[in-house]
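Same chain, two partners: chain A is paired with chain B first, then with chain C.
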Partner chain A sequence: MVRYMKLYWHFFAAQVKVMTEYWVDFIIGFMSVFFIQFTSVYFIKVVFDHIDVLNGWTFYEILFIYGIASTGRSIHQIFFDNLWLVGRDYIRTGNFDRLLIRPLNPLFHLIADKVQQDGVGNLVLGTILLGISMNHLAFDWGFWDIVLLIVMVISSGLIYSGINLFFVTFSFWMVDSFPLMQTAFNVSQFARYPLTIYSKPIRIILTWVVPYGFTSFYPATLFTGHKNYTTLALITPAVAAIICVIAYGFWIIGLRAYTSTGN
Partner chain B sequence: MRKYIAIFKSQIQITFAYSAWFWASMISAVFQLIILFYFWHAVYQNSDTIGNMNIKQMITYVMIATILGKFMNGAGSQLAGDIRTGQIATELMRPYNLLHKLMAMDLGGKTSDFIQSAVPLLVVAGLFFSITLPESLTAGILFVVSSILGILLAGVFDLIIGLLAFWTINTWGLRILRNAIVLFFSGSLIPISLFPPSMQLISQYLPFQSMVYVPVSIYTGAISGQDAWMAMGAQLFWIVFIYAVLRASWSQALRKVTIFGG
Partner chain C sequence: MIEVKDLSKDYIILKRKPGLSGAIRSLFIREKEIKQAVDHISFEIKPGEVVGYIGPNGAGKSTTIKMLCGILTPSHGEIRVNGVVPYQNRKQNAINIGAVYGQRTQLFWDIPVRESYELLRHIYEIPKNDFEARMKHFTEYLNLGPILDIPVRQLSLGQKMRCELAASFLHNPAVVFLDEPTIGLDVAVKENIRKFIREMNHLYGTTVILTTHDMEDIEQLCQRIIIIDNGSILYDGDLVAVKERFGHQRTIHFEMPQTDHFKLPASLESTVDVAEITESRVSLLFSSRDIKGAEVIAIMMAEYEVNDLTIKDTSIETIVKEIYERGI
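== the complex of A and B ==
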């Protein structure tokens, strides 16, 4: 474990060096992600110019949901972005074999291989959104509440990553499962808004099948006085852990089934 | 025998890969429509009209606008790619105008996209989300014409962004910026008429609302009669204007290519 942490640090430092070398790219990536996200937030603002509440949720509560989702996704994007490329850049090209012959866990190597700078835009915007909305929520923020919020955000990031890991594993059989990952990832768009606006089947899917509900909505209920979901909200870290375990198990199965393109 | 089984299997994988891309984008588009449906129903929970539109008109607007919005890209990234790789030098020697060739390719792609994805999506929207038909037959016809104008405008505009590859290497950043601006100011997220007054005013002097907002508003009847003709005139104006800018910067850029070529 300690060895892996040390290793990750070395990988990470190397990546940061590259980033500082190409800092204009960094700024442009940062700005563009920031701007795209800002557009969606401004969209919500325009809608709220015409209404007071959306299904019982105020503007700042919606921003809060959005903020948790953005920060959670940024963790996924900054640290686990390489998962997206397993099919295209590793399996199809045969590069995956390179990972297999190293004395390291291939999944670790894969993840450590890339730090996605564009995710920083999401992180900054998400943090700003959380900061602004937290000030407007009727909630008394104590030290432990902040700790809880951070735990929730990290869990959210792990849920995004776990689901992605699960769907990228199909690449071992179909070379590149990117379209599948993309489709699954797009389900997360539902979680931008309170799940209460959807019909029951959709809510069940977002809670128990592709549990993106836990990436933003359920955690947000803890801090916004929507008390009906406390249990679901509190199991968020457990959900994150379970998803990661299932996804990793599936990944191991896929790894065994893998035969290189050269074969 | 084993090698033929391998070939058999790999062909399945290849065919499957192509259709997987198609289905992924279709399913994602249907997700988008579902979200729109529930989101706007929640918005209308406590009010019958918002900005003079009832729920049915709003659902119709946002769904048509979302589908039309998928046609607001263009051949800009290909142009940028040709410039970056130097392929442009070969392209320029060929007996056609490269800009026109790219536009023709782009329109061809959009035509097949229209039949493959837009039509099924419209059917889904009509069957499951009960979007309404155009205000009138005239509105329907004008909508088709105006949509084509909007798509042409977006295509020409996209080429200008691609052309910037002559001056900057980082066109993908510009592209994302362009996407965000077009997404918002074209009215494919929300009718421009719901914007705060100051933003509406700014939008009037920008080409973007001619891309989606104008055609879809003609469809829903929010723009009709003489206003519709005026709006379509504005679309034409923008196409001509941006095309002129494109040609001017194109010949500027070509001079640069010649300089590089010695």
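== the complex of A and C ==
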């Protein structure tokens, strides 16, 4: 474990070095992601210019949910972005073999291979949104609340990544499962708003099937006036752990299929 | 160093009927066919040997090498590389082996070569002193100095291949697999690469398995060759015997305006075979021990109108074909 952490650091440092050399790319990537997200947020603002409360949720509460989703998503984007490319760049081209002739866990190698600078745009925007909304929530922030919030954000990032890992694993059988991943990921757009505004089937899907509800909505209820979901909110880290274990187990099965059939 | 016993690999291929209707049908009804990419082969390679593993495309070379690397699990049979069973103990095996695939990169695409090597140092946990000594040696030998600070994606094919080669030997592996390391390279780079492989083999006793379509590679590097076709081993032994048998063979292609009435000149009948006649080309096959190439050309030019001609050494493909038809 310590070895892998050190190794990750070396991979990370090498890529940051490259980013600093191509800093214009960095700025462009950063700005584009920032503005894409900013327009969505601005749209929420426009809606709330006409109404005060949406189904019992105020503007700043929704901003808060959005902030957790963005920061969680940024963890996925910065550190686990290479998962998207397994089919196209690794399995289809045969480059996956390269990961298998190294004395490393291939999943680790895959993830460490790419640090996605564009994710920083999401991270910065998410942090700003959290900062603004936290000041306007009727909540007394103590040190441990901040720690809890950080744990929730990390869990959120792991849930995004775990679900992504699960769906990319299909690439071992179908060469490129990108459309599947895309479909699953689009579902996460729902989870940036309070789940209570949706009908029951969608709520159930977002909680128990592809649990994106835990990436922002449930954790957010802990820090807002909505107390009906405390249990669900508190199991968020456990949900993240379970998702990652299931996805990794599935990945191992896929890997075994790959080594027995080739491509 | 490498023991392979009764090794097989089967692939299941889904058969498709031609055309769109066939494609749609195959969505529902799938016919499976089992193809044996590698069919019960056995061989043993001693430490320090340089072995040419050759055969036509699709013969089963890559499949064998993938199994030796631990990338593929065999359907049947046993493998040991440096005492390790690759598919059961992939990571342990990975420390013992190095690999170069001529068509793909093992390095890190966006990162300067030097940083790539640094990462490899950490991945393989190479002691810093060894690493630096080897880097210095490799840089000198492969002339890497001017390209170390360039990202891999910007390198030319020849530069990339030299970097790849250094990368595969960096952790001083017991066995190195080189899959067409000279493909598409110019003569100078080929020469440089061969020299480097010879040097590594001498200095560190590295066992090398080389697949290639280039006879020069084989002649300059290998003492032993294994010829594989259709998943089975056709020949395993000394290079000298094969060279004796086939090394003197030449093919000359004559481009001619008219080939309809071509008949082999009487003076060539005893020593030369007609390999192929097409509309505009006649290919003659002979051994340079029986008759000189110049003589064949002179006789042909005297009898027929010839526009152009090319002389070809024996290719691996011809050798394999010959072994098939006549045996060794």
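Throughout what follows, the second predicted complex is superposed on the first by the 258 of 263 C-alpha atoms of A that agree within 3 Å, B and C clash if a C-alpha of one lies under 4 Å from a C-alpha of the other, contacts with A are read in each partner's own complex, and residues count from 1 in each chain.
Simple rule for what comes next: a contact is a pair of C-beta atoms (placed from the backbone, for glycine too) under 8 Å apart; a residue touches a chain by one contact, two chains touch by 3 or more.
Since the structure is predicted, the reported quantities are computational estimates derived from the model, not experimental observations.
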| item | value |
| --- | --- |
| Comparison of chain B and chain C by chain A residues contacted | B |
| Which superposed partner A:H50 touches (first chain B, second chain C, both, neither) | first |
| First (chain B), second (chain C), both or neither touched by A:D97 | second |
| Chain B versus chain C as contact partner of A:R88, first or second or both or neither | neither |
| First, second, both or neither for A:H136, with chain B first and chain C second | neither |
| Touch list for chain C against partner chain A, complex | 11-12, 63, 66, 69-73, 87, 90-92, 94-95, 97, 99, 101, 104-106, 108, 110-112, 115, 118-119, 122-124, 151 |
| Complex contact set, residues of chain B against chain A | 13, 16-17, 20-21, 23-25, 27-28, 31-32, 34-35, 38-39, 41-43, 45-47, 50-51, 170, 172-173, 176-177, 179-180, 183-184, 189-190, 194-196 |
| Chain B partner contacts - residues on chain A that touch it in the complex | 24-25, 28-29, 31-33, 35-36, 38-39, 42-43, 46-47, 49-55, 174-176, 179-180, 182-183, 186-187, 189-190, 192-194, 197-199, 202 |
| Chain C-facing residues of chain A, complex | 6-7, 10-11, 14-15, 17-18, 93-95, 97-98, 100-104, 113, 256, 259-262 |
